[in-house]
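In structure tokens below, several structures.
In what follows, subunit A forms one complex with subunit B and a second complex with subunit C.
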Partner chain A sequence: MTSTIHDIGYRHYDGPRLGRAYVLRSLFVHNLRAAFGLGRPIKSKVMPFLLFGAMLLPAVGSVAALALTKEPGALIRYSAYAVFLQPLVAIFLAAQSPVIASREMRFNVVPLYFSRPLGRFDYVLAKYGAFATALFILLATPVTLLYAGALATREPRQPNPGEAPPPQLPGIGEHTVHYLEGLAGCVLFALVLGGLGLVVAAFTPRRGFGVASVIAVYLVSLTVVTIVQGIAESQSKYTISGWAGLFTPFYLVDGVQVRLFGAETSTPQPPPGPFGGVVFAAACAALIVAAVGILYARFRKAGLR
Partner chain B sequence: MNATIAYITFRGMLGRRRALLLLALPVILLLLAITLTATGYNDLSSSTAVLQRFALGALLPLLALIAGTGVIGPEIDDGQIMYILTKPIPRPVITTTKLLVAMALIVLFAVAPTLLAGLIMSGVTAQLAFAFTVGVFVGGMAYCAVFVALAVVSRFAVTIGLLYALVWEVLIGNVAPGARKLSILQWATSVTDSLTSATAVTSEVSLGIAVTLLVIVTVGGAALAGIRLRTLSITGAE
Partner chain C sequence: MPIIATQGLTMRFPGVTALDALTVSVEPGVVGLVGANGAGKSTLIKILLGLLPPTSGQAAVLGLDIVRDGGRIRERVGYMPEHDCLPPDMPATEFVVHMARMSGLPATAARERAADTLRHVGLYEERYRPIGGYSTGMRQRVKLAQALVHDPQLVFLDEPTNGLDPAGRDEMLGLIRRIGAEFGISVLVTSHLLGELERICDHVVIIDGGRLLRSQAVASFTEASGVLVVEVDEGTEKLGMRLAQTGLRVRPEGRFLLVDIAGESTFDAIRDAVAEMDLCLIRMEQRRHHIEEVFTT
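And then the complex of A and B:
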């Protein structure tokens, strides 16, 4: 704390220091803003906000459909939203994870961060936390919109004369429970996807290639799993089909949502039984811990140059 | 066509770690084909699924995106393109050379592995391997032309290309069938469909329209790239 490499012999500062928490908070806020292009030229804001807007559109449409038809099925399920719009989420992940993970590496400024009293672990934690928060905002905002729409539409449709009474809309309590489950799913989606995106982007610093490699991991894993599931189901081997979901990020998190958070499945085949849910959750946890570890090692190396 | 530009572009695309990314994708396709054949799941429907979903639906757009934007995008980004632009070489020659390099990479990393994977899984049954090789080839040419033009026009070529390939062709295509008519993937599928007797391959676009549109898009993309490079303005990276 007392002397950094910027000490060039002038009178020292003896006042209060703001400390570790302040450094962490500043880095977190800076990276969170960077994930949406805030504080950068307008060109950097175009893509994140375009994708954010595109994520909201189906929710708006769904809420409008619910308000007009009063059919409970018109509202997209909270837990299915991220899986349903996974191409958009994956593109946001691919487009923005190089911004967080590799821009500083590309311009060789990582050593400047570490020449300050800032721990490498704090640096990684702030980046990961900020990016996961950005993804959570991306995923949770449309889900919250759906919830607000569900609360606003309470009256069932007036039956036409001589018609059976229309289906009752689910109560507020039921909606709140499902909404909270959906939010828990969003947190897990944000952590798993963010970790995966940052690790892949951190190893491909060249502009453009980072985006392509993140999307390659998503698309290739999804396609291979889909093919394997298709073959397994044509042979009626549903257990194998369920386990195959372990190997692609969206199905992995949805498996946890289905088995541990009690959501309906949004994938071709959920993991088998409660045991599958525990394994899927363990895989998520392992992925998150591994991501932090790999990023730590990667930035330590980048900080030496 | 300019041999020096072609050589520099090849070196830029295949240098060091970048070649690994290009190589990893076809290797996964071949591993999948070998695994399915070794475990005996290489019947016609599985082979079709692998070739259609993986080779045509995932590998081809990804590689075309990496190759198409990679041959010119990074140079425009960091301003190195100026060293070529200030030479007395016609701009369309520059873009055509780079487009041909991208197409050669596609033949090497997507078309050839598709043929190989098809032959491993289904041999010559129903002309499946051959039909998909032709489909991947014509689709690859069109994708490359579009993505090279995109890379000249916009700094966000990779993201816009992804939005087209994933959101337009897949997400919107699934919900609104009309979108499938304007999709390079569907046109390539149509060409494949006409060459194989496997019934699992179907396309909504007739062969005549598909071929016409493929030619228009390929030639149009190549021309647009050349025209837009004539008035390129260089701005600082990021």
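And then the complex of A and C:
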């Protein structure tokens, strides 16, 4: 039998055509994979995986230190992890926002989506959801590692003779509560940072500019806030210092963690009292809603080219 | 049932009227949409896809209203844009599979259809390489494949021959003819080159400045005209004068003489004149219309 390929001509498709949920899910997965460079050439994978690995290192070190010293303080606080490692998170944000937000715009792929049944709002939701999920994976994986390390290290250190009893490790229940609060913080970080990154990148279609502008927004906001806080604290105006955190993304989310999730602060000054927490939370919500609105308008325009 | 029907369709942008009360109706088949650059072709396609709401007027595609049933129209049509629209870092096969899923095809079906469609448009081994390294001809094929992958009833092809060399152009035109004839998919294809569409379309719609100039079957554009083309080896001028004396309307065109046909006798008069003057007659044929004449007259 010969192995010729027979041209059997054009065949029509009469199988199922799935609805909105399937298309939305497919697009979500497509973008989530793109955020880590999966399904793309090797060089697209280098940056995200390098950063992902770097994000894990401090958590691994912290767990190792806890296992060796049995000092509860050796474990990095769940809620503080993102704030401590914010330069790495910011680089991931800057490097990958353009992949999600501006790549399809730059190469004019958007009209191909909108000439299909997919709605514009669904398109934005899938993109935003996928990128926030990617950021959540980046932030929550090391936090989960910390939690696993804490659960594995249960035995307190044996006291040396004549020494006072060593500090007790917190109980599993307490750890679990803090871990869940930490995850809630990760969700908020992912949504706020993702929205910010996508909006900035969506207005800078060239990839290089996109990376630079996301980094610039992060650095400028952080620097300005740090200066304002420095001046305010030197004059003992701690309330002003607390409010200043509203204007840089990591402090903004940390303010919510401190005032609403009961975390310890990881910033120079948290917002004042419960009212500050509510205002910070409202600011986060406003930022998320605004990001969806702006992205919708931006992609709508791109879809008409 | 017409595949496309518009009624007083008008689209105004600030400062520009892209479509001006366009009323046209076309039947299934390969339909050419012709007009100069800026005549409103791409705008019309975007309105028919339900992406742009028209300023006024109505339109239906496959019997579905563009305003109410935009989503259902987009399930049944394919669209190949004029501009480049492919991500350079994805292989064609991945990209076409993704686009099939965006049209709701389940994963396995999407893979099969993508492979089939890429084969039909003539992309083989190269489909596993990233699109960034493709020639213009290959890119046009990928663009066409993504428009066909979900087996639409109608495809909109916006300037599919743009940027192709003569051989690539011929292949693309052949492919479009096959889509209409063998695949059984209706086609609306735009071009600013009439000659191209004359070869592959059943019906041509000509718009100019957003207005309808003509809408008719290609056969009727190219039917025989009332002019005879006469070519003789030499003595063209003398023959012309002789024919004019016999009362025929004659005008020279290059090496030919164009003679208006006044009736059966015109043919005999030319034959007799040529024979009497002992000239060598090379051709005498009835000239056919070209679509281009729509613009020149």
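Couple of notes before you dig in:
Criterion: the second predicted complex is superposed on the first by the 289 of 305 C-alpha atoms of A that agree within 3 Å, B and C clash if a C-alpha of one lies under 4 Å from a C-alpha of the other, contacts with A are read in each partner's own complex, and residues count from 1 in each chain.
We take it that a residue touches a chain if its C-beta (ideal position, glycine included) is under 8 Å from a C-beta of that chain, and two chains touch if they have at least 3 such contacts.
In this text the structure is predicted, and so the values were computed from the model without any measurement.
Of the two partner chains placed by the overlay, subunit B and subunit C both lie in contact with A:Ser44.
Touch criterion met: A:Leu27 reaches subunit C, while subunit B stays clear of it. Of the two partner chains placed around the shared chain by superposition, subunit C is the only one that A:Pro117 touches, whereas subunit B remains out of contact.
In the overlay built on the shared chain, the residue A:Arg154 is in contact with neither subunit B nor subunit C.
By the touch criterion stated above, A:Gly19 is placed in contact with subunit C alone, subunit B being left untouched.
Touch criterion not met for A:Lys301: it reaches neither subunit B nor subunit C. Of the two partner chains placed by the overlay, only subunit C lies in contact with A:Gly9; subunit B stays clear of it. Contact with subunit C, but none with subunit B, is seen for A:Val109 once the two complexes are overlaid on the shared chain.
Overlaid on A, the two complexes show subunit B and subunit C touching the same residues of subunit A, namely 40, 44, 103. On subunit A, the positions that touch subunit B within their shared complex are 40, 43-44, 46-47, 54, 85, 87-88, 90-91, 94-95, 103, 204, 206-209, 211-213, 215-216, 219-220, 223-224, 226-227, 230-231, 234.
On the side of subunit C, the complex with subunit A involves touching residues 46, 49, 51-52, 71-72, 74-75, 77-79, 81, 83-90, 94, 98-99, 101-106, 109, 113, 116, 120, 130, 146, 150-151, 182-184.
The residues of subunit A lying in touch with subunit C in their complex are 9-13, 15-19, 22-23, 26-27, 30, 39-41, 44, 103-104, 107-109, 111-119, 303-305. The part of subunit B that touches subunit A in the complex is made up of residues 17-18, 21, 24-25, 28, 32, 36, 41, 45-46, 49-50, 53-54, 57-59, 62, 65-66, 69-70, 73-74, 77, 155-159, 162-163, 166-167, 170-171, 237-238.
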